[in-house]
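Residue numbering begins at 1 within each chain, and the chains themselves are lettered A, B and C in the order written.
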Amino acid sequence: MWFQKEIRLNARNRGFHLVTDEILNQVPELRKISIGIMNVFIKHTSASLTINENADPTVRQDFESYFNRAVPENEHYYQHIFEGSDDGPSHLKSSILGCSLNIPITNGKLNLGIWQGIYLCEHRNSASNRTVVVTLNGQLSS
Amino acid sequence: MWFQKEIRLNARNRGFHLVTDEILNQVPELRKISIGIMNVFIKHTSASLTINENADPTVRQDFESYFNRAVPENEHYYQHIFEGSDDGPSHLKSSILGCSLNIPITNGKLNLGIWQGIYLCEHRNSASNRTVVVTLNGQLSS
Amino acid sequence: MWFQKEIRLNARNRGFHLVTDEILNQVPELRKISIGIMNVFIKHTSASLTINENADPTVRQDFESYFNRAVPENEHYYQHIFEGSDDGPSHLKSSILGCSLNIPITNGKLNLGIWQGIYLCEHRNSASNRTVVVTLNGQLSS
């Protein structure tokens, strides 16, 4: 069984945002799969997806603080600077964190750890909504 | 053909550990697949999975040394500090390295390069065993 | 429907290189899939794969400049040094960027964003061609 849907994630401020429910609410078809994989793919090069701690918001704030230091803006050697000082670092952050997730499905649910959630990592100062492709593949519950 | 199993990886010290055989020994079903994909997903936010050099143990030691410098503990700006100085950096390392692998299966074996092996990246000072979900999908050998 | 092929990517200089067309030209079978996933897996530990900006070559140059600073050569604490100063950092870069991609297929094409392309990230000073396994899985167009 294959199912695919292109969905929009609401525009967010620069930073790391928990979007597990926003995604799951748009793919109720997942509940019919007994064993499978959900692929989530973000169609952008200045935002990314990762899985991390879903409870304490300071983790997400520390992610923003850390990545801003690890991938600084305005480095003298950057050449791709015409779209703003946040643009080049956005591309780098997006490749470090990645643009797709592959999560096991078990008995109609994502088989995440109890503390895991899906983050939208918004690296631009000003972004509109973001498009992700959700692809479900698995065997149907009998 | 779908097959899924939740397995435990033995508790390890903080560092990078080769676990290819420990995983493969627990999913003999892989041998029946002629073409497919194995997804390995770790259900934690302070440990991660990656693929790298499987022969020289100093590579794994250099990984631990490097990531401890690239993601230092006790930075003044960290807010998520109540679970110990190793906890916040664990979350960051886990998102940089990733929580899942997707490896091609060919003729009943993982189609890894000759020097590739699966690493469990244990980022906590003190951890118990770690749970991973292994999902196999492919066509059966005739 | 499953299809798998091991292909060679031409040898490249150290740096980041757009290889979307070089890969797609070797898997015309993709055109027959209405919904699916393409997995691309590189069988090496000193080169990697990522998805990023496909238009401006300075983005790829900034990637090389950035990762050379983020993962420097000749650090005093490196132990794995006998294959050259570029070798240890190659392994680290490869795990930060990753060795596999999972891209949705829609109506016979990769469902990439308009600015997204596939990069071969060559981390060695001198490399020969690189082997990747392409695995297609999906449902056939009717």
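Following the convention adopted for this analysis, a contact is a pair of C-beta atoms (placed from the backbone, for glycine too) under 8 Å apart; a residue touches a chain by one contact, two chains touch by 3 or more.
In this text, all values refer to a predicted model and were calculated from it rather than measured experimentally.
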| item | value |
| --- | --- |
| Copies chain B and chain C touch via same or different residues, half shared test | different |
| Chain A on chain C, rotation in degrees - Cα superposition, rounded to nearest 5 | 120 |
| Distance between the centres, which are taken as Cα means, of chain C and chain B, whole angstrom | 20 |
| Multi-partner residues of chain B (each touching 2 or more other chains) | 70, 96, 98, 102, 137 |
| List of chain A residues in touch with chain C within their complex | 2-4, 6, 39, 41-45, 70-71, 75, 77-80, 88, 91-92, 94-96, 98-100, 102, 131, 133, 135, 137 |
| For the chain C and chain A complex, residues of the former touching the latter | 35-37, 50-53, 56, 58-59, 61-63, 65-66, 70, 96-98, 101-104, 106, 111-116, 119, 137-139 |
